[in-house]
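Labels for the chains are A, B and C, by order of writing; each one numbers its residues from 1.
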């Protein structure tokens, strides 16, 4: 039972990550492979603030959002100069640069040693040190992020995002400054990933750079491609599937040591099969 | 200033390694026009095949290397036949191919980790195995000399291939315009298959050399590939000499860059350079 | 009164002069045709005018305002809208969405918080009925037939006129190509209606019958330069114009 709660919490975190990336990739068509960078910034912001100052979790999340927003804003400006393949490549570059910072700015992040002893949230007098209570918190935040995302994609703003994805030059001609739209959604997406990072840090109570790698960004990409691009429920489905995958593998008989690697093999193959036979994923509304 | 010769040597060696990756990548990119991110993992394939045959099973060194190169070429060829060619046939977008290549990279990397563990291995069989040559106050190992020479030889070989042979002309035609090449009767899929074989074999060779020089680990591919891609872009995408120029430039910037800053920032420097080039001169230094 | 002046416009691609020192004036309220053999630079001219590609030399005077660098998202503010020769619709969006997307607020923040507006839906319905696509409103644009896609392009162009700041200048790049006769009639009537409303229309077209029927004035381009201009009936009889078409 405890283990199920653990999975449910991870699921919520990855669902948030999936939704956040889908806004940028599925709806706006920007091939951004750097989500783990924002995930990490949010996590490290919370970790450092919670361990170094006595700051309340809630405020650390807000600060984390602000920092993530600033970094993503700067990144977004640079990335906006690229398109297509070069955009993806540039985003890789940023992911690696930020990972380097996590790893090497040891005075701030303690490098490979990581940051232990992060406390669970205490909000409005409620203590979330019990996993079951943390689960409720995580799912509430997931719900909030889901509804915010739904509001965005159903708005006129969201419709313009899709048009940018389809033909950016064409929608520009009708009077839309696509740069502003792309920047806004990129920053919003990054902030959401930062919130997921804050949740992660406070749940596991220990973080180190190895979670926030390029591979992790690719994993989040796999979630939304499997679930389906431009479909929020799809991201939730995709997260569910890919979180449960190692468990299914273990059930089938793979020993734990290679279960993690096996998960990578499987989702690598899933990506290939999806591209070959079903680019819209499970419930996607957009085919790559 | 004592370390200057060593710095220069290190730069040249790094440049040679990146050259090998850039040559293979550029060859394939020129014909297929998408960023094949699976290219890097083929270096690992080459290295690990030699590990399996030579180190684990005591086969003859030269035979092991030869087989490894052939197998790696074959793997690259098969990846194209099974995955990329069908996608090309249905005119899949570059994003689809890129995502598929991510899937391939993830899966193969994980399979290698399962078969050989994630531990760091080396191909060399101990100290005194390779000779060391002194140049001024710097030293260079036999392996590193081989890296340097093979980089230049393969570059020369490719230039000859492209300029003098019929295959080379076909490759050039496909690089210029695949549709037109088809119309004039070139069996583009067959030629692209050869290109994948050759390019992948070169990557395998690079992996083997690195295995001897530094060592092997399943994740070595992506880092190498990205350096090769950076080299190609800053040198001039699609231009063989450009890839080589970019590779050596990158080698120098990285090694001189970490002279003053700590070595762990090497990757960040490399990507910083990439982003600067993408912003200021995306077509690279040399023209196609 | 010229609503649009083009001065010394030049654009080359890899050494080929697509548009070569082109200067002309478009009068307000008229339907002006741009004709010429393939490769004469007509589409390039429109693409530069609408900011799709930048020019090498030259500038525009639009509604009295000098414009050198046309940013695509600004042409709406100069009062221009257009269709594309190669039909650039928003393929994986519905027919209705293709119109709604250009009807709603332009500024990003405003678009985010804009309340659902029945007016937009009404205007979209009006236009879609005019082009005969209201029944297909939930269909993805990519699933329409070629002719239907062209009509949707026209509809989208008309939709821009409904937003604040009605466009005065309509650029149509070969809107009739590939249309069945009944669709041709629909587009013809739309163009005539625009003219009645006092709008200015620039029409690139190959169909000489339609040019004669619709245009008040015609410019003939050849190899990026202005070859001739005048009323369609006269210009189409000119020897050099006929030669330009046959010569290729």
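As a convention for this text, a residue touches a chain if its C-beta (ideal position, glycine included) is under 8 Å from a C-beta of that chain, and two chains touch if they have at least 3 such contacts.
All figures in this text were calculated on a predicted structure; none of them were measured in a lab.
Novice: In the absence of chain A, which chains stay connected to one another through touching?
Specialist: Without chain A in the graph, we get B | C.
Novice: Measuring between Cα centroids, what's the chain most distant from chain B?
Specialist: C
Novice: Taking the mean of the CA coordinates per chain, how far is chain A from chain C in Å?
Specialist: 42
Novice: Distance from the CA centroid of chain B to that of chain C, rounded to the nearest Å?
Specialist: 48
Novice: Where the CA atoms of chain A average out and where those of chain B average out, how many Å apart are those spots?
Specialist: 31
Novice: Name, in rising order, each residue of chain C that touches chain A in their complex.
Specialist: Interface residues on the chain C side: 50-52, 71-77, 81-82, 84, 88-93, 97, 100-102, 104-109, 111-114, 156, 160, 163.
Novice: Taking the complex as given, what residues does chain B use to touch chain A?
Specialist: Where chain B meets chain A, its residues are 34-35, 83, 86-87, 92-100, 102-111, 113-114, 118, 222, 226, 229, 233, 262, 264-265, 267-268, 271-272, 274-275, 278-279, 282.
Novice: Note which residues of chain A are touching chain C in the complex, please.
Specialist: Touch list, chain A to chain C: 152, 155-157, 159-160, 162-163, 165-167, 169-178, 180-181, 184, 285-287.
Novice: What residues on chain A touch chain B, complex-wise?
Specialist: Per the stated touch rule, the residues are 31, 78, 81-82, 84-86, 88-90, 92-94, 96-97, 100-101, 103-104, 214-215, 218, 221-222, 225, 258, 261-265, 267-272, 274-276, 279, 288.
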